[in-house]
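So, here's a batch of structures to check.
Same chain, two partners: subunit A is paired with subunit B first, then with subunit C.
Moving on to the complex of A and B:
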């Protein structure tokens, strides 16, 4: 079996680590690219969401590289992601692309199916080995997230512009050649040390922007046109609470073990969104409130066109914007999103935040001179 | 004076109005529904709602605007789930929040969550909370609900027989006899709030009926038949609408005299984008039944639909006539 799986930002790193540890032969599709999106757009229903389309492109490109099976996670709704696996299966089979779709669903009560799928992937069921691989995967994903967070901190403060991007990008590519969680972890540490050597302006107090929205488009730089790196290079520090490791840990592992994750956002969301309605809408609302209370300068919401839960968030966000006087911008992404129009909006938003900062600073000074 | 409860004539209204109307009326409230959809109602909804929302949700906002000043209290339940193990749509779950954030000057809102996802039977707790907005007597609420459920069951039986909610006034005259000469059966798959709102579906039902079409909807197919087929799917569909739609389509493929299928789809609907596609794949893979999409959006025009429908029906009739002449053995 040659297994492939869809890209979503840095997810390929922990997943690769896990499959390596389990001794599974895996083919990582080329990083998200224009061709992949074109393929997916052609195959998928027109109004399907963007991640589904890119996924399909990933699969076809991996198929061309020799992959014969696909590993997906499932879900039980109400967000469409939970039914991706079936859409993929049907579309690929109509295209005559002979790939097997294996879904690792979080079991409701049918653990047998899950175990069978695991057995199929790993060619056996050595529980000890599997648990160890899972543990290592969690560690790797945490480390990847930490590394990413470090780039968010350093990028706006770096003295030589572009230094962070250079190290980080070469790290993302080099991972492809490294096998096994142990080596991958070492490699992450190396990248971290390199990042820490970058010269930064320690005095700087960058503008702070929170990123909220749908998990795929916020976590996948290709889909969001590298928003985090662009903001960072403009001297803005970004924070994104919803991450891959968070998702793996909270949604898969903690749910399976019935443990509670960090739920501050739920409390914060309550006045605006009463319950969980699927996707990450509750996180979007709750985290926006938390950002506002923490004194962030602005919030950017990102989601794929047609995303049901995020449309609900989008229509609620203006209330938070009003109540807390924090600027919020929604970026909606589909295959037609043009770079030019997108960047104009992002730049206008940055300008707005900078101007607000200046006014605040000015008023602050005025206050001081009175004392 | 009795409390005036407002129910927007949109979304859950069409599926559930006998339930809620009876319930509130039994409790002594006066139920006020917004008028049938008009251009003005739709336009106002479109104006206040976010661009990315689907038409039914925009329309719902319009209906809220049209009655909010005429009532003491608005009923916008948080409909997370109306069936075990399934969801409605994320937008139904967030509906009261969307409305509250978008529409100014709202009266009090009954935004109680209805989540029957985990329950085997109806979760009476949420019903009691809803009822207590009107009266404090728990027993009265339970009684009212019992009566409401009876009405609701009758309604669903009527729908199964081929009545449409809008036939209410003149029921019998609209009932066609299946397989009568010249009458063809066409399945229309779509959400009840699109099927039964003739403004928003551009009079689709009237047009079909005027052309001698007997309409079959998923609401007319028994729950057990639907489930039997839905179980054959690789993975259970977790949307109430989706399971019913695909179960019905599979049933129609296997053994019915459906001559054509129309998938009535809301532009911007996440669920339709998947379910419509899967339905089309199934139909094309296993049958030669003609299939078209009719897409609803705020700009859709009557004229275009008329020509498409006529062509579609002509083609079906033509095939129906000529099929018998073609030998099955070539």
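Moving on to the complex of A and C:
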């Protein structure tokens, strides 16, 4: 079996670590790019959301590289993600692309199906080996997230512009050649040390922006047109609470073990959205409130066109904006998104935040500087 | 001659429909403004503009700084030589704030896009921009005016003569148009239809852009469409407030860019990048190429003059835009002029 899986930001790193450890042959599709999106757009229904389209592109590209099976996680709840697996299966078979779709779903009670799927992937069931691989995957995913968070801190403060991006990008590519969670962890540490060597401005108090929204588009730099790196290079420190490790840990592992995750966001969201309505909308609302209380300068919401939970969030965000006087910008993404218009908005938002800072600094008698 | 001593600033706004240029004096007064059609050839439009300015002002002014805005701002910055490059939202806000310092809401309708900018305490507080839906833009009005065989300049006047406007579905340009044809066939007067159309456009604008946000007075309405009395009346009716049309309403982007250039040049001693009025003598070509160095496969745009690459952009990694003078093999696929 040659297994592939869709891209979503850095997810490929922990997943690769896990499959390597389990001794599964895996094929990682090319990083998300225009071609993948074009393929997906052609195959998917027009109103399907962007992640589904890119996923399909990933699969077809991996198929061309020799993959014969797909590993996906499932989902339930009132969002379309729940039937992605079925959609993929149907669309691929309609196309005559012979690929098996394996859904790794966390069941309510019936663990048999999950075990069968795991058995199918690993070609046997050595519980000890599997648990160890899971433990290592969690560690890798946490480390990847920490590394990413470190880039968020260093990028705005670096003295030589582009230093962070250079190291980080080469890390993302070189991981492909490294096998096994142990080596991957070492490699992450190496990248971390390199990042820590970057010369930074220690005095700087960068503008802080929180990123909220749908998990795929916020985590996948290709989909959001590299917003985190762009903001960082403009001297803005970003924070994104919804991450891959958070998802693996909270949505898969803790849920399977019926443990509770970090739920501060739920509390914070309560006055605006008291219940889970699918996707990450409660996180979006709650985290926006938390950012506002924490004195952040602004919040950017990102989601794919037609994403139902985030449409609800979008309509709630203006009240938070008003109540806490924090600017929020929503960016909606699909395959038609024009880079020019998108960047104009991002630039204008940056101007807005910088200008507000200046005004605050001069107690309303702000100096004009638009540079 | 005193202009020459005091120095002037140039602002240029290269949009997809029009290219505007203004020259302001040291006090922020516009001494010359030009409104040209871009016609898909931004470089040509800029050239024409600059040589027109040369003819009218060339000998009497000294340009101390230049600013660029609009979707073609990077192109403008390279071709004309600009000291500051800013997005349209910031430029429009600066211009409005200069002319109406206590403005709280800026309504802006251009040819291809529309935006709303919320200002509080003299700062842009929030904004929304619409670049996809044609039903809220000037081009849509142009098209309907042409269909009804009425010059666009008179379009607004007709709307004011309406006694009972018809309600037109304004959700989207395609529906609005078919609904309008239907209403026409039903025998409604042209005045009522035009008025209904203006109201639909305004409704659509407010619904799409101002969603859930606080619309506070004073309102400033700018962009080419602000000349349309029908739309102004529809705004006043919908918002139940007076609408201010600023003096330079049709060139506010360029005006803002000029103001920012002035700001910047006055802060410190910079030497301006402005290339002078004789750009008509220079040759520019625009080339596009695909970079295949990584999976991003970026589409690069390069501006070339006399075989030297003046600037490139479109890369996600900074490899090309950082080194502007990179001379690689270039497939000249579309020369823009």
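The rule we apply is simple: the second predicted complex is superposed on the first by the 363 of 371 C-alpha atoms of A that agree within 3 Å, B and C clash if a C-alpha of one lies under 4 Å from a C-alpha of the other, contacts with A are read in each partner's own complex, and residues count from 1 in each chain.
We take it that a contact is a pair of C-beta atoms (placed from the backbone, for glycine too) under 8 Å apart; a residue touches a chain by one contact, two chains touch by 3 or more.
These numbers come from a predicted model, not from an experiment.
Colleague: When the two structures are overlaid on chain A, which partner does A:279 contact: first (subunit B), second (subunit C), both, or neither?
Modeller: first
Colleague: Just to be sure I read the superposition right, which of the two partners does A:227 touch: subunit B = first, subunit C = second, or both, or neither?
Modeller: It touches nothing on subunit B or subunit C.
Colleague: Contact-wise, after the overlay, does A:39 reach subunit B, subunit C, both or neither (first, second, both, neither)?
Modeller: neither
Colleague: Figure out whether A:19 sits in contact with subunit B (first) or subunit C (second), or with both, or with neither.
Modeller: Neither partner.
Colleague: Return first, second, both or neither, reflecting whether A:74 touches subunit B, subunit C, both chains, or no partner chain.
Modeller: Only subunit B; A:74 stays clear of subunit C.
Colleague: After the superposition on A, what does A:83 contact: first (subunit B), second (subunit C), both or neither?
Modeller: A:83 contacts subunit B only, not subunit C.
Colleague: Would you check which partner chain A:133 touches, where first means subunit B only, second means subunit C only, and both and neither mean what they say?
Modeller: A:133 sits against neither subunit B nor subunit C.
Colleague: Per the contact definition in the header, classify A:319: touching subunit B only (first), subunit C only (second), both, or neither.
Modeller: Both partners.
Colleague: Just which bits of subunit A does subunit B share with subunit C as contact spots?
Modeller: 315, 318-319
Colleague: So in the complex, which bits of subunit A are touching subunit C?
Modeller: 30-35, 162, 165, 169, 173, 222, 225-226, 315, 318-319, 321-322, 327-328, 336, 338, 340-341, 343-345, 347-349, 351-352, 355-356, 359, 364, 366, 368-371
Colleague: Across the complex, what residues on subunit B touch subunit A?
Modeller: Per the stated touch rule, the residues are 49-50, 52-53, 57, 78, 80, 85-91, 93-94, 96-98, 100-102, 111, 113, 233-235, 237-239, 242, 267-274, 276-278, 281, 285.
Colleague: If you look only at subunit C, which of its residues touch subunit A in the complex?
Modeller: Residues 71, 84, 86-90, 94, 113, 121-127, 129, 131-132, 211-214, 260, 263-264, 267, 294-297, 316-318, 322.
Colleague: Give the list of subunit A residues in touch with subunit B in this complex.
Modeller: On the subunit A side, the touching residues are 45-49, 74, 76-80, 82-83, 85-87, 89-90, 94, 103, 108, 272-279, 281, 305-309, 311-316, 318-319, 332.
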